[in-house]
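Per-chain residue numbering starts at 1, and chain names A, B, C and D are given in the order in which the chains are listed.
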Amino acid sequence: MDASTAKKAIDCIRKLMEENRDFLIELDSIIGDGDLGLTMTMAFNTADDKMKNLEESDIGQLFFKTGMEIAKAAPSTMGTLVATGFMRGGMALKGKIELFPADMALFFRAFADALIDRGKSKPGEKSIIDVIDPAATAMEGSTDDWNTLADAGIAAARSGLENTKMMMARHGRAAYYQEKSIGKQDPGGTAGLFIVEGMLKAFKSEK
Amino acid sequence: MDASTAKKAIDCIRKLMEENRDFLIELDSIIGDGDLGLTMTMAFNTADDKMKNLEESDIGQLFFKTGMEIAKAAPSTMGTLVATGFMRGGMALKGKIELFPADMALFFRAFADALIDRGKSKPGEKSIIDVIDPAATAMEGSTDDWNTLADAGIAAARSGLENTKMMMARHGRAAYYQEKSIGKQDPGGTAGLFIVEGMLKAFKSEK
Amino acid sequence: MKKFLNQPEAFVDEMLEGILEAHSDQLKSVADDVRCIVRSDISKNGKVGLATGGGSGHLPLFLGYVGKGMLDGCSVGGVFQSPSSDRMLEVTKAIDTGKGVLYIYGNYGGDVMNFDMASEMAAMENIQVVSYAAGEDVASAPKGEEAKRRGVAGIFYVYKCAGAKAEEGANLDEVRRIAEKAGDAVRTMGVAISPVVVPEVGKPSFIIGDDEMEIGMGIHGEPGIRRGKLLSANDVVREMLDKLLPDLPYISGDEVSVLVNGLGATPKEELYVAYRKVAEILRRKGISVFKVYVGEFATSLEMAGFSISVFKLDDELKSLLAAPARTPFFEQFQLEV
Amino acid sequence: MKKFLNQPEAFVDEMLEGILEAHSDQLKSVADDVRCIVRSDISKNGKVGLATGGGSGHLPLFLGYVGKGMLDGCSVGGVFQSPSSDRMLEVTKAIDTGKGVLYIYGNYGGDVMNFDMASEMAAMENIQVVSYAAGEDVASAPKGEEAKRRGVAGIFYVYKCAGAKAEEGANLDEVRRIAEKAGDAVRTMGVAISPVVVPEVGKPSFIIGDDEMEIGMGIHGEPGIRRGKLLSANDVVREMLDKLLPDLPYISGDEVSVLVNGLGATPKEELYVAYRKVAEILRRKGISVFKVYVGEFATSLEMAGFSISVFKLDDELKSLLAAPARTPFFEQFQLEV
């Protein structure tokens, strides 16, 4: 579980974003401006390209820089949120050249807190927070091994995403639709699920 | 042949313009901006309304004021040309309270010269001048009585208008069409014919 | 998509190159990045720095207000997209003369987050930064939820007054106070009748009927308050002011400045037809008008429509509004007060 | 027809009422007629009077250049129609301070005739009047037939220089000389991609394909030089300058001012993309640029398109161009020369 796994994780997220590019565009078109598939692929393509060629054994630094690259490449709402998540998550792992399952829980806790802080929002407001936050909580309770952690994290993210359907959007463009946003799955949350999935699957498969 | 006949002449022109409103619009649409039917009815409606209620026995003054009213009401190319024509024509008859056929020839000569002066143009350039100028010349040669004068003037105006078809437009919007203007009857010349016709028919019928 | 452009992806950068080329006496870019623009006379300055930033497609917003008496720098995003925080940081570093920097920007999620991020990054570089997010579109959130409102054309007044205050040599807190005071004194309502085409998207941002208007629509096509048949100019203005005036409220005896802002494709002639009705309504309500701006101050590419902003004056704001200003997009001689 | 207006017939007068209402500190009407507009500070003036006039639908042309350092009065016609000579006369009488009046207007048949008529009427009132009809649209008549050319956006330079000269206290002949000198030094080329709807007509002024442009089209939709597929901004600019630059000609070593003028619906962003290419071409040809204007200076309601004007400078024209000016539609601080 060293920096090369971390790099592989970024690559995994990139692939998921690419596979789901049109799906994200579609979701964001309904209650947003439709750019999410573009910004997320742009964000992770850039980050992945940069990280691949980076000599860096400090995994904290690696994730922090991933966030920096995303911030530059994708200054949209989600780009900035995800960038902040990676930067704060990276700060939480600063100095680590090897990761244990508990570190991944630390990472996502910091990630979720970063979203809450940057987005000035909280769980229940139909956003990526409703995916990352429950995933972080689930991981905090399952740090025995990578398998348990990954399964718990992904399952929690999935059900978190499912729950966003019932919520009314309070932030971003979706909020303009008010009641009309109810019933629709949150686009940002969907991208959040791919981040959790990509990250955890990479570490799980490497274990 | 006093001021009341002159007023009747204006009314005659007004009616001809009204009857031919759509025809003038159509002609001007082909090689112009299509407003001629509107500006000519506007011009003569206003002039006629004003002249009807004017106490004025000086026929020269009456036509001069007709020109003034047209200038205000219809500042388009043709409005301004016709206004100048009536003003200069009126000036040529200044002080007359009764008209003889020769006076009508004087009027239209001054009218034609005014067009040439104001329009900085000359016969043969596909304009109202090609109708008024030959009509004036014909009248100058037939001042025996109102009938001869009217018939000569109207016939010359008609054939002048017919001749405009062969000409290439040198002035105004029509000139932008260059060769494409050949074959089409000049809209301004058509309105010019109605002026000659209205004027001469009124005087002829009153004789 | 009928536009004068080359590659759609190059649109923003080529536009900026054109601006820098045309106005090299007044503007320059920093960090070798055309998306980071500052006044070319920055170094001699020694005053509080004012920075803004926002998406492209709104000229003269945002960078058009960089110049003497207004702002010092601007970071530029893609069409309708926030600039990135690192660009904001570059601008911040370039304009700070040690007296600190005020960010003034429109209240949109992406911009808020990026400016917040840039503030944190600036703090790491020991630059003191405070922010003011302008939001005065009464159609975008109800009274009582002012903090959620989008920033539109009224931000012009915030730039103008805060810029004049900074030019006077006021400190960061004072300039921040004026920005907020100006922002609190302005309200805007918009109406749109045609969509825009973002070059990289290539198709209209929304569909609207040939005889329809949308009152309250945002400058990126955000949903408004009411869609309906296009009314007469007088009726449209009346409906807009009926919503706008009670919001602050503006009342008899008030003195205001009015900004009638074209969204892009609406001719100035129509804006003046609209202003005629604005003046009539204000007069009837006993509200006096000090200075009227009519033209394009915050656009949305080729969207047809306009907005009305009303700015309530007191002696302080009036004298700041009256101060001269000179940018490549906006020149104002000292007004008589 | 999708416009903000009330009765189409009232459009022009309501627009003017709005302008007079908004800018009562700078403009007023005379002869109880909103279509006769003059500077409100006329009486204190004592200089040669400058008057213009023309059809409505071109704001800021024509009345937008009435103000300090530019013109003194303007008569206003219906949309795309010449004002009447009696209105021209009223304006002339109001602005004459005994030093005579210069008429500067665009070279269109109706306007020429009406201004000629007004001159004669003014002579009857013992006011000395001379005229200059600006015509610089290279697409409207070939070289050698310059006198036939239509006046378009380049008239701005004529107003600016003649206005500055008059402000200096020059006599009528001198001001007339400058008007002609400025007019001789400017050339313009336009391109249009969409028609306009005149309110009283209610339908588009011409038909143009969804992917077509017309190079050289006039500001009332007069036929241009070439209609074809809409090219890239760079190619359009190249084609326009290929025709424009050899006309004067503008050659290596010349110093010029450039005006990129939007016709109404084309966003400023696109105008700057176009200017970027203009700058590149001029640089390659060794022509240096002193001052660039980009924006709407002579429009055609909501027509989409733009024009490029190039104005060749010498020391005299440059210092006149650099002088300050202040109208409700155009403010310029003194430029550094």
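Heads up, the rule we're going with is that a residue touches a chain if its C-beta (ideal position, glycine included) is under 8 Å from a C-beta of that chain, and two chains touch if they have at least 3 such contacts.
These numbers come from a predicted model, not from an experiment.
*Asks:* If chain C were absent, into what connected groups would the remaining chains fall?
*Replies:* Without chain C, the chains split into A | B, D.
*Asks:* Farthest from chain D by Cα centre, which chain is it? Let me know.
*Replies:* Result for the farthest chain: A.
*Asks:* If you average the CA atoms of chain A and of chain D, how far apart do the two points sit, in angstrom?
*Replies:* Roughly 57 Å separates the two chain centres.
*Asks:* In angstrom, rounded to a whole number, how far apart do the mean CA points of chain B and chain D lie?
*Replies:* About 33 Å separates the centre of chain B from that of chain D.
*Asks:* Just give me the whole-number Å value for how far the CA centre of chain C lies from that of chain D.
*Replies:* The mean C-alpha positions of chain C and chain D differ by 29 Å.
*Asks:* Can you list every residue of chain B that touches 2 or more other chains, as numbers and ranges?
*Replies:* Within chain B, no residue contacts more than one other chain.
*Asks:* Do you know which chain D residues sit against two or more other chains?
*Replies:* none
*Asks:* If each chain is a dot and touching chains are joined, what shape do you get: line, ring, star, complete or other?
*Replies:* Line.
*Asks:* Output every touching chain pair, sorted by label.
*Replies:* Chain pairs that touch: A-C, B-D, C-D.
*Asks:* Please give the residue numbers of chain C that touch chain A in the complex, ascending.
*Replies:* Its residues touching chain A are 77, 80-86, 109-110, 112-114, 116-117, 140, 148, 218, 220, 222-223.
*Asks:* For chain C, which residues are in contact with chain D within the complex?
*Replies:* Touching chain D: residues 2-6, 11, 14-19, 21-23, 25, 56-57, 59-60, 193-194, 210-211, 230, 232-234, 236, 264-276, 279, 292, 294-296, 299, 301-302, 304, 306, 326, 329, 331-333, 336 of chain C.
*Asks:* Applying the document's contact rule, which stretches of chain B touch chain D when the two form their complex?
*Replies:* My answer: residues 33, 35, 68, 71-73, 75-77, 79-81, 83-84, 118-120, 171-173, 175-177.
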